[in-house]
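Since the structure comes first, as structure tokens, the remarks are kept for the end.
Per-chain residue numbering starts at 1, and chain names A, B, C, D, E and F are given in the order in which the chains are listed.
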Amino acid sequence: MKFGILVNEGPYQHQASDSAYLFCKAALEKGHEIHRVFFYHDGVNNSTRLTEPPQDDRNIVKRWTKLAEEHKLDLVVCVAAALRRGIVDDNLAPGFRISGLGQLVETGIEADRTVTFGD
Amino acid sequence: MKFGILVNEGPYQHQASDSAYLFCKAALEKGHEIHRVFFYHDGVNNSTRLTEPPQDDRNIVKRWTKLAEEHKLDLVVCVAAALRRGIVDDNLAPGFRISGLGQLVETGIEADRTVTFGD
Amino acid sequence: MLHIINKSPLEKNSLDTCLAVAQDGGIILLIEDAVYAATSGNAAAAKLSAAQGRLKICVLGPDLEARGMADRLLEGVTRIDYGGFVDLAAEHKCQSWL
Amino acid sequence: MLHIINKSPLEKNSLDTCLAVAQDGGIILLIEDAVYAATSGNAAAAKLSAAQGRLKICVLGPDLEARGMADRLLEGVTRIDYGGFVDLAAEHKCQSWL
Amino acid sequence: MAGTIKKFMFVNRKAPYGTVYALESLEVVLISAAFDQDVSLAFLDDGVYQLKKGQQTKGIETKNFSPTYRALDGYDIEKLYVEQEAMEARGLTEEDLLVDVTVLSRREMGALMEEQDVVLSF
Amino acid sequence: MAGTIKKFMFVNRKAPYGTVYALESLEVVLISAAFDQDVSLAFLDDGVYQLKKGQQTKGIETKNFSPTYRALDGYDIEKLYVEQEAMEARGLTEEDLLVDVTVLSRREMGALMEEQDVVLSF
């Protein structure tokens, strides 16, 4: 089955990004496909390569990058939301790309299920 | 009277930063002093110089910068919260500086009133 | 004490808790989405009215106008602008119910 | 329909609205801070129990354990892990009550 | 999957201005119009406030995006559903709203949601 | 202002892990200890869940910060107040909590808040 994932909140402030990551990992382990993870609203803040969380806590951004590398995930950051919040190509972590909102609608069409994680 | 201001949320996602800005502006117009504006939690995201909101909406970051220039405001971004969220010196908008959480406690001590804006 | 509330009373519990904790003589200032609490017809309005004897209720006008609710402010609630917010904060210690 | 709730029932209104809207035969999955709703002694537990005839109630175990509430799960509520969450989402259309 | 038409529902449960969700939800809705899908908007709880007439945002120095709801029509987005109980709990009637809507009870809203292929909440 | 001692109260009304507020609030509390102020912590509503014993965060791959509450003592932060009504509405008793606390009714909590110089909420 093909899942589409929508993440509406940034890293650390809300659990949304953690929950979405653990859901994706479990889905991939079960042999499902992740069509795309779309980051919207403050969710775009998950894509900055500049975070340096404390050593004894998880690194949310790096976890997404690693999962994307291992499973060729398509991590898409909404351009309109990114412009509002100062997320730019120069600071993007590996595995993420900036694109339009149409990619979210497309995910809704192409994926068998769309699961949303937010506040 | 000397006000200290605490902002706990980032730009656009929540109204907190807008409300804090309008409060500061009104306080300054009335001749009060703003001891410091401290940005904590996602509030640190107010300090990035990389935001480009739509032309027909307010520019939250630039407004803070302008207010700081006109009134010599001390806009302090919490370093621990900033590290978690990828806010670094290189991308800081003019008028903001990164410093420790102690500056928030100091504001509580030195200001006559501390007013918090959050989610 | 100036109690600042910023959430809709039908979405979150902050107004309820504040009303239960706030001491007599305090002031409740409704800002942002909390302004809906002070509009006629809102299911939470009765709670505010009941508290009006012992607490002063104020609402931030610009937030009320932004939401198109300026013409249905509850009776007995004082409407203030940002200058009035500053005055209240200067006169009283402040607490935000986040 | 799989209804996903992530907020504490004593803080926000999402569980209440979901219970009122959800059609019979649906599944409620409590994740993140919503897991508190399915713990004994919680003021919202009765609402969940009342809905158990017509809706299946599930809770995400890892979130329950994180919050130290694993030993007080309400009777009749099914505890699942992330794999179980994926299975439910694969079997049913999903809606998050944000 | 070219030519696939799915039923999309955008669920709005949050008031405008206090958070950005209402505005950014509307941005997705406008984009979705370009994909020729079967689009519905549902307004529950405080979401009904998004449609309130008379919004004047000058005093909070923020863009008033409420006129956009009137423009949805031009994008062929015409299925707007509003929760009856939410209107009643907020003292609102259909005359208070910017646009024509279909008022549904919570139960009816639930039935409509069951018919959707994709439900997006912000 | 050197030598000024103010009464600081940190108000916690949110559950842990769902949002970062509990963790980052604790970080401020620890810093405040260095300033020799009169510090109190208040736990209302879902904030009482922060002190729940037995938190095991391995399954959500997140740091368990609850042991820090036990360490507050070592920073001379000993005034922890918990709302009685919040405990009751959540089926919790003092035995469920990680640390010794003073249980206050909402009314008593309100009176204590009035005595503070600075009330910080996150």
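General observations
Following the convention adopted for this analysis, a contact is a pair of C-beta atoms (placed from the backbone, for glycine too) under 8 Å apart; a residue touches a chain by one contact, two chains touch by 3 or more.
Bear in mind the structure is a predicted one, so any value in this text is a computation, not a measurement.
Path length between subunit B and subunit F in the chain contact graph, taken as the least number of steps between touching chains: 1. Note on connectivity: the fewest steps through touching chains from subunit A to subunit E is 1. Annotation of subunit E and subunit F: jointly contacted by A, B, C, D, touch as defined at the top. Of all the chains, the one whose CA centre sits at the greatest distance from that of subunit E is F.
For the pairs A-D and C-F, the larger set of C-beta contacts lies at A-D.
The greatest centre-to-centre gap from subunit D, using C-alpha centroids, is found for B. Separating the centre of subunit B from that of subunit D, both taken as means of CA atoms, is a distance of 38 Å. Rounded to whole angstrom, the centroid-to-centroid distance between subunit C and subunit E, based on C-alpha atoms, equals 27 Å.
Taking each chain's centre as the average of its CA atoms, subunit B and subunit C sit 24 Å apart.
Computed centre separation for the pair subunit B/subunit E is 32 angstrom, with centres defined by C-alpha atoms.
Across the assembly, subunit F contributes residues 13, 17-21, 45, 60, 62, 117, 119, 121-122 that each touch 2 or more other chains.
Looking at subunit B, one finds that residues 8, 12-13, 15, 22, 41, 54, 80, 114, 116, 118 touch two or more other chains.
For subunit D, residues that reach two or more other chains under the stated contact definition are 6, 10-11, 13, 32-33, 62, 81, 93-94, 96, 98. Applying the touch definition to all chain combinations yields A-B, A-D, A-E, A-F, B-C, B-E, B-F, C-D, C-E, C-F, D-E, D-F. Residues 14-19, 45-46, 49, 52-60, 62, 64, 66, 89-92 of subunit E are the ones that touch subunit C when the two sit in their complex. Residue ranges of subunit E in contact with subunit D, taken from their complex: 11, 13, 21, 44-45, 85, 106-107, 109-111, 113-114, 116-117, 119, 121-122.
Taken together, the subunit D residues at the contact with subunit F in this complex read 6-8, 10-11, 32-33, 36, 39-43, 61-63, 65-72, 81. On the subunit D side of its complex with subunit C, the touching residues are 10-13. Residue ranges on subunit A touching subunit B, taken from their complex, read 10-13, 41-42, 45, 48-54, 61, 80, 83-88, 91.
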